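Heads up, there are several structures right after this.
What follows is subunit A paired twice: with subunit B in the first complex and subunit C in the second.
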Partner chain A sequence: MSTTRASARPRRGGGIRRGEARAGYLFVTPAVVIAAVFLLIPIALAFWVSLSDWNGFQSPLNPRVNFVGADNYAAITTEDGLAQRNFGRAVRNNLYYVLLVVPLQTALSLFLAVQVNRAVLRGRGFFRTAFYFPSVTSSVAIVIVFQFLFLGTGAVNQVLRAFGVQGPNWLNDSRGVLHIVYGAFGADAAPSALADGGMLGISWWEWLAGPSVAMTVLIILAIFTTSGTFMLLFLAALQNIGSEIDEAALMDGAKPLRKFFSITLPMLRPTLFTVLTLGLIGSWQVFDQIYVLGGGASILTPAYLSYETSFNEFRWGQGAAIAFILFVFIIVLTLLQRWILRERSPKKRGFAQRAAARNLSEGGVR
Partner chain B sequence: MSAPAPEVPNAPKQSRTVSAKPPKRRKRIGAKARSSMLLGYLILIGLALIYIYPFLISISGSLKTDAEATQDALGLIPQTITFAAYERLFTREPFALWAGNSMLVAVCVTIGRVLFDSMAGYALSRLRFRGRTVIFAAFIAVLSVPGVVLLIPRFLILSELGLYDTYGGMIIPLLSTAAGVFIMKQFFDSIPESIEEAAKIDGAGTFRRFWSVVLPMATPALVTIFILSFQGSWNELGHFIVARQSPELNTLTVGVAQLVSGQLGAGNQFPLQLAAAVLMSIPVVVLFFIFQRRIMNTTAGAEKG
Partner chain C sequence: MKASQWTVLGLTGALAVTLAACAPNGEGNGGENGGNGASGGDSLSVLIASSGPAEAGYYQEAAARFTEATGTEVEIVVANDLIQQLGQGFAGNNPPDLFYLPWDQFETYASQGFLEPYAGDLANAGDFLPALVEQFSYNDEFYCAPKDFSTLGLQINTEAWEAAGLTDGDVPTTWDELATVAEALTDGDQVGLSMGREYARVGVFMNQAGGQLVDGDTVTADTAENAAGLEYLQGLIADGSLVFPPDLEAGWGGEAFGLGRAAMVVEGPWINGAMANDFPDREFISVELPAGPGGPSTYSFATCWGMPIDSNTRDSATAFVEFVTTPEEQLLAAEAFGVIPSTTAGADTYASQFPENAAFVAGVDYAVSPVAFAGAAAAVSEFNTELENIANADPSALLAGLQTNLQSALDSARG
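Right, the complex of A and B next:
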C-alpha cells in the first residue's frame, strides 16, 4: 500500500513518517538556530571572557587573550579594591530592594485581586484596567513619569507639604533610609564595632544603611508597575476557587477576615508561591531604570554594574564575572521554584501566566 | 461563558435560603456589610486615583511651559497650553526616526515570532522525529535564562558575526523566544489531533496541514504571542543598548533614554521628556485597549458578569 502511495506522490519520500520527520526538523530549525546562536553560544563566549584578560580590542577569541582563571571573580568578591566595594554596594542596594519590593508587591497585588474579585463590586472592569495600566508601557516612559513626580518641587512633595511634611529631594538623595532613622535617635556615626568589620569591601555600618532615598523611589516604581500583572495571576486563582466555598464559609458564619486567612489564603498557596518567586527572580534583574537614571552609587545594582564595568570601563572580564554570579544565583532561584511546584499538573494557562513566563525569560518583571 | 451558566441561577437561591433562616442576624450583617462596602469603594477609588493620576499629570505636564511644569507639577490643567515640547521632538530631535526604527523592529520581531514560535511549537507537539523530547527539554532549560545577563553575551556574538550596529543585529536575536515556543506547544497539545485526520486522508502535506488547518485554529494563542511580541520589542531597552551605537539606529527607548540622561542636552526640560513618554506609549496603549478583554480575562470563561 505504502509503496504505491509513495510512487504516486514522489515528494513524500519514503512514506508519511519520514516526511513527517523531515518537516519536524524543518519546523524547529529557525527557533533552534536562534536559541543556539544568540543564547547558548554567546553565554559560552561570555563565560570564556569572564575567565580571560580580554580588554575589548579585537575578538575575545584572538590568541593574545590570556586565560586568567578565577582572577576576575576574585577581584569582585575577595580582593580589596574599588571593584569589590562597588559589587558589595550593588548587592546591598539590590538586597534591600528585594526585601521591600517582593513582600509589598505580593501583598498589594493580592489585596487588589481580592477587592476587584468581589461579586457585588460596580465598575470592576474600570478598576482592573486602572491597576493593570502601569504594566503596559515601557520602563523608560515610567521612569520619566516618576522622575517628574519625585522632583524636589514635584507632585509627591506638594502632596506631602499639604500634610505638613517637608519631602526630600528624592532621586538626588543618597542617604540610607535606616541611617536617617538611626540619626533621629542620635546615632550619627558608626560605632566602632560596626565600622571595623564588614563584607565585600563595605563595613557593617554601610550594610545596615538601608536603601538610599533614591532607591526607595525605584522600589515604589517597581511595586507600582508589577502589582497589576500579579493581580491578574491572583485573580485567575481566586476565580478558580469559585463562589461555592465562599458561600459555605458564609453559612458557617465566618467573618470576612477569618474567611480570608483560613480559607482563601491557604487555597491560594501555589499562586502565592509563584508570585513570590517570580518577584524574587525579577527584582534581582533591575537594569532599565538604573540605566535611564544614569547610574550612581546610591542606586547601583549588580545587573547595571555588570554593564557599566564592561561597556564603560572596559573591564570585560569583571563585568562578565558579575553577570555570571547573577546568572547562577537566579538559575538557582528558578530551579528551586520548579522543584517546589513540580507536582502541579500543567493547567490551562491564562494570559497573565504567559506574560509572567515571558517576563521570566526576557529581562524580568520590571 | 458557557461553563458557569448553570451555576448562576443557583447562587441567589442558595443565599436566599441562608438569609431566611436567621432574620435578625441578616440585618446586622447587612448594615455592617454596607459600611464595609462603602469603605472598600473609598479605598479602591483612592488606589485607582494613585494609579492613574501620574499618567494624567504627565499628559498635562507635557503641555506646560518648562517653568510651570517645574513649579506646579500637581496641577491638572496648564495655565497656558503649549505644544512646544511636541514640536521640538519632531523638529529639533530625531523623534520620527526613532519611532520609525522602533516600528520596523517591532513589526519584524512580531512576524518572526508568530511564525517561528508556532512552527516549532507545532513540530514539538505533533510531528514525530528523533530528538524531539531533547529539543523540548532544551527549550524548557533556556526558559530560565534571565534576560539581563544576556547583555554582554549578545554584544560579543553580534561583534563576532559582524552584525553589531546593524538592523539585523537588532532584530534577528529577538525573532524567536523559548517562552513563545512553549506557549504554542502547550496550545497545540490542547487541541485534538483528529482535526487534522481529514486533511491527512485527503493527502495534504505537513506544511499544507499546518498552514491551512492547524494555524487558523490556533488564533487565540497566536494573538497572545502577537501582543507579547509587539509590546516586548517596542518596550525593549537592554538589547538595543548593546546591539548598536549609531544614532541613526536609535529606537524610541534608547533615544528617549538619552534624552532623559541629558546626553542630548535636554536634562531639565520636563515637558519635552513627558511628551516623549506620552508619544512612545501610544502604540502599546492602543494595543492594550484593542485586546483589553483578552489580556484582562484571567480564566477561560469562568467569569461571571
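Right, the complex of A and C next:
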C-alpha cells in the first residue's frame, strides 16, 4: 500500500510540494480579477467602442450598436473635415507641449536636486519642502492661481512692465509663439510652399506655429508643478551615490562640472529614464488644466478632445479612437526613448570611463 | 495544511458570491430602473444644474409641495457637470427620471433617440410660448417641456449714457443709431459696445441683416446677408466703438459692463443676477436689440425638462413637469432666481411684475434658436475660433469655412 503511494507520488507532483499549484492560483486570483475588471475588460471594451457606432446609450454591447470597422480612425486621420483638423491641432499643440515640458522639467528637477543635495546648503529642509510643494498642491488650484497671475493686467505683466515689456494677454492669446517670432523677421503670412501642403488637415505653416501663447502658460505651469516630484526622484538617486565616489573623482582632479557630467549623470541613468518616461506619459495625457480652462482651439489636446468628442458630441467611437492613437503614440515614443537612452556599446567611450560607469551603476545605484 | 487550504477556498467562494449578490443585475432586464426603483413609479430622481443656492433651494421646496400634493417622492440632484453626468447616466443605463436639458444639447439627444417625446401629451402643452415649442421639437414632434428661457437684449449703463449727453429718445432701434450711440459712448477707457466674440452674439447681427444659417436641409451660411452682419460689426470695430471682452481684461461681456469698460453689452437676463452679485452699484437698463436691415432678431436660449426614452416613471414625471410649469410655480421660480417663465401666461405676468426685464420677454416674439443640430457644436466652436480674426478677416472667408463645416455636419446629422 505504502509502496504504491510512494511510487505514484512523483507522477502526481505530490510530496511536500503537493497542492502548491492550486494554492498559487488561489493567491493570484484576486490580483488577476482586479486587473481584469479594472484594466483588461475596460481596454477591450474601449477598443470595441472605437470600432463601433455606439452613441453612449445603454451598453456598448447592445444589439443596436454596429461594427463600423476603422471609420472612426479614418475620420480623425485621413478624412478631410473638422474632426481631422481638430485632431491635427490637438496633436500639434501637445507635441510642442511635450517638446518643451519634458526636457525643461527634467533639467530643472535635476538642477534643483543637485542644489538641495549639497551638504553646504543651509536650510536644505526648507528648500526641499518649498520645491516639492507645488507637486502636492492640486493642479486645479494652481491653474486657477495662474489664471489670475497671467491676466492681461495680472502680476506677471506688471513685473514685465517694470522692465518696460508689454506682456501679451496670456490665456486669451491664441497666436503661435513661433509665428510671433517669424513675424518679428517680417514673415507674417504663410509662404505658399507651407500654406498648401500639410498633415492631418493642418497646413505646414500651422504646424510650425509653435505653442500658442496660452499654451505657453500651461507649459510653465507643468514645469512648475512637476519638477518637485521629479526632484525627489533625482534626490533619492543622488543620495545613493556614495561620497567615496566624489572623493575618488576629486583625487583624479575632476572639476565640479566634469564630475557632474562624467560621474553623476551617468550614474543617474536609470532615474533619468524613469523621469523622462513619466514626464513623457504625463505630458501626452494633459487634461485637467485644459478642462479647468474650458478648452478652446489654442490649448486643445488629444486627451481633452477625446473627452469632448465623447461626452458633448456623443461620438464615443471617435473619442475612443483618439485615446487609442494616443496610447500607441506614447508606447512608441517610450520605446524610442528607451532605445536612445540604452547603454552604449563599449567602443564609443573610453575604457576607464565605461568601466567606472558600469561598476558604479551596477554597484552603487542599485 | 489541507484543511486550511479548503478553508481559504471556501472563504473566497463565499466572498465571490457576496460580491455577485451586491452587483446590480446585468443588461438582461432592460434597465428600466430609472431612479432607485424600489417603490416603482412613486419616486423620481431629478437632475438639475443649479446656477446657485436659490435655484436648488426653489426646487427642493417645489419638490416638497409636489410630494405633499401627489405622494410621489422627488429627489433633487444638483449636477456639477450636467452633460457629463447625463452621459454617464445614459451609458450606464441609469439616467435620471427627469433632467435639465439645455437648448444646445437638445437636438443631439433627440436625434440619438435618448428622449421620450412626452411634451405633446402634457395637459398644458398648449400653454408654452410657440418659439420655445419650436425650439424643443424634433421632426415635428414636441419632445421636451421648456422650463424657462432667456433672450438677448441690449444693456445700457445709464450713468455713462447721461454723461455722454444722451436721453431716453436716443435709445437705439436701428443699426445706424446703435453705431452713433456706441461712438458717442466711447471715451477714454470706456468703449461703447462689447459682447462675447462668439456665434451666440455675432450671429444675432447676421440674422438682423436678414441672414440665417440653415434653411431646411441646406446650410446658407455664406450668403451676402450674413456677410453684411459681419461687415457691420467690422465697421464698429474699426470705429473703436466695439471691443471684445478679452481685450478689455474681462472674462465675459457682463464683467466688462460691470467694470465700466463697456457702456453697452449684448447679454440676457442673467446680467441682473451677475450685476447684483458682483457689481451692485452698476445702474443700467435692458432694452430690445436694435433692428437691422432684415428686421429685428434675437436669440432665445432655453432649458427644458428631458425625460429618458421608455421611462417607467413617465406618468409621475409628467405630473411633476405639469406641476412646475403651472403659472404659479413659474412665478415663484422667477422670483427665486430670475428666470423668465416658459408659458405665455407666465411670461406676460412676469413682464408686468418685473418691468426691467420686459425687453427680454418682448424679444421672444421674433427670437430664433441658434443652430444646435447634432454635430453643429463642433462647427460653431470652429467658427468661434475663426472669429478671433474678425477685425481683419474677409467676412466671406470666415463664412465659407462655417458653410463647409456646418454643411458636412448637417449631412451627417440628416444622412
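Going forward, the second predicted complex is superposed on the first by the 294 of 366 C-alpha atoms of A that agree within 3 Å, B and C clash if a C-alpha of one lies under 4 Å from a C-alpha of the other, contacts with A are read in each partner's own complex, and residues count from 1 in each chain.
As a working rule, a contact is a pair of C-beta atoms (placed from the backbone, for glycine too) under 8 Å apart; a residue touches a chain by one contact, two chains touch by 3 or more.
Quantities reported herein were computed from a predicted structural model and do not represent experimental measurements.
Of the two partner chains, subunit C is the only one touched by A:L82; subunit B is not. When the two structures are aligned on the shared chain, A:P42 is found in touch with subunit B, with no touch to subunit C. Between subunit B and subunit C, B contacts the larger number of subunit A residues. After overlaying the two complexes on the shared chain, residue contacts for A:A222 are found with neither subunit B nor subunit C.
After overlaying the two complexes on the shared chain, residue contacts for A:L100 are found with neither subunit B nor subunit C. Shared-chain residue A:F324: touches subunit B; no touch with subunit C.
Residue contacts after overlaying the shared chain place A:I290 against neither subunit B nor subunit C.
Of the two partner chains, subunit B is the only one touched by A:L235; subunit C is not.
When the two structures are aligned on the shared chain, A:Q158 is found in touch with subunit B, with no touch to subunit C. In the superposition on chain A, contact of A:N55 is made with subunit C only, not with subunit B. Taken together, the two complexes place residues 19, 22-23, 59-61, 151, 153, 310-311, 316 of subunit A in contact with subunit B and also with subunit C. Every residue of subunit C that touches subunit A in the complex is listed here, in rising order: 1-2, 5, 8-9, 12, 27, 31, 83-84, 87, 90-91, 93, 105, 108, 112-114, 246-247, 249, 374-375, 377-379, 381-382, 385, 388, 405, 408-409.
Within the complex, the subunit A residues that touch subunit B are 9, 11-12, 16-17, 19-25, 27-28, 30-32, 34-35, 37-43, 45-46, 49, 59-61, 112, 115-116, 118-121, 124-134, 136-141, 143-149, 151, 153-155, 158-159, 224, 228, 232-233, 235-236, 239-240, 242-243, 247, 250-251, 256, 281, 284-285, 287-288, 291-294, 303, 306-307, 310-311, 316, 319-320, 323-324, 326-327, 330-331, 334-335, 338, 346, 348-352, 354-355, 357-358, 360-364. Put simply, subunit B touches subunit A in their complex at residues 7, 11, 14-15, 18, 36-37, 40, 43-44, 47-48, 51-52, 54-55, 57-58, 61, 69-71, 73-74, 115-117, 119-120, 122-124, 127-130, 132, 135, 138-139, 142-157, 159-161, 172-173, 175-183, 186, 190, 200, 203, 205-207, 210, 224, 227-228, 231-232, 234-238, 241-242, 252-253, 256-257, 260-262, 270, 273-274, 276-278, 280-281, 284-285, 288, 292, 294-300, 302-305. By the touch criterion stated above, subunit A contacts subunit C in their complex at residues 19, 22-23, 26, 29, 55-62, 81-83, 85-86, 151-153, 169, 172, 174, 296-298, 310-314, 316.
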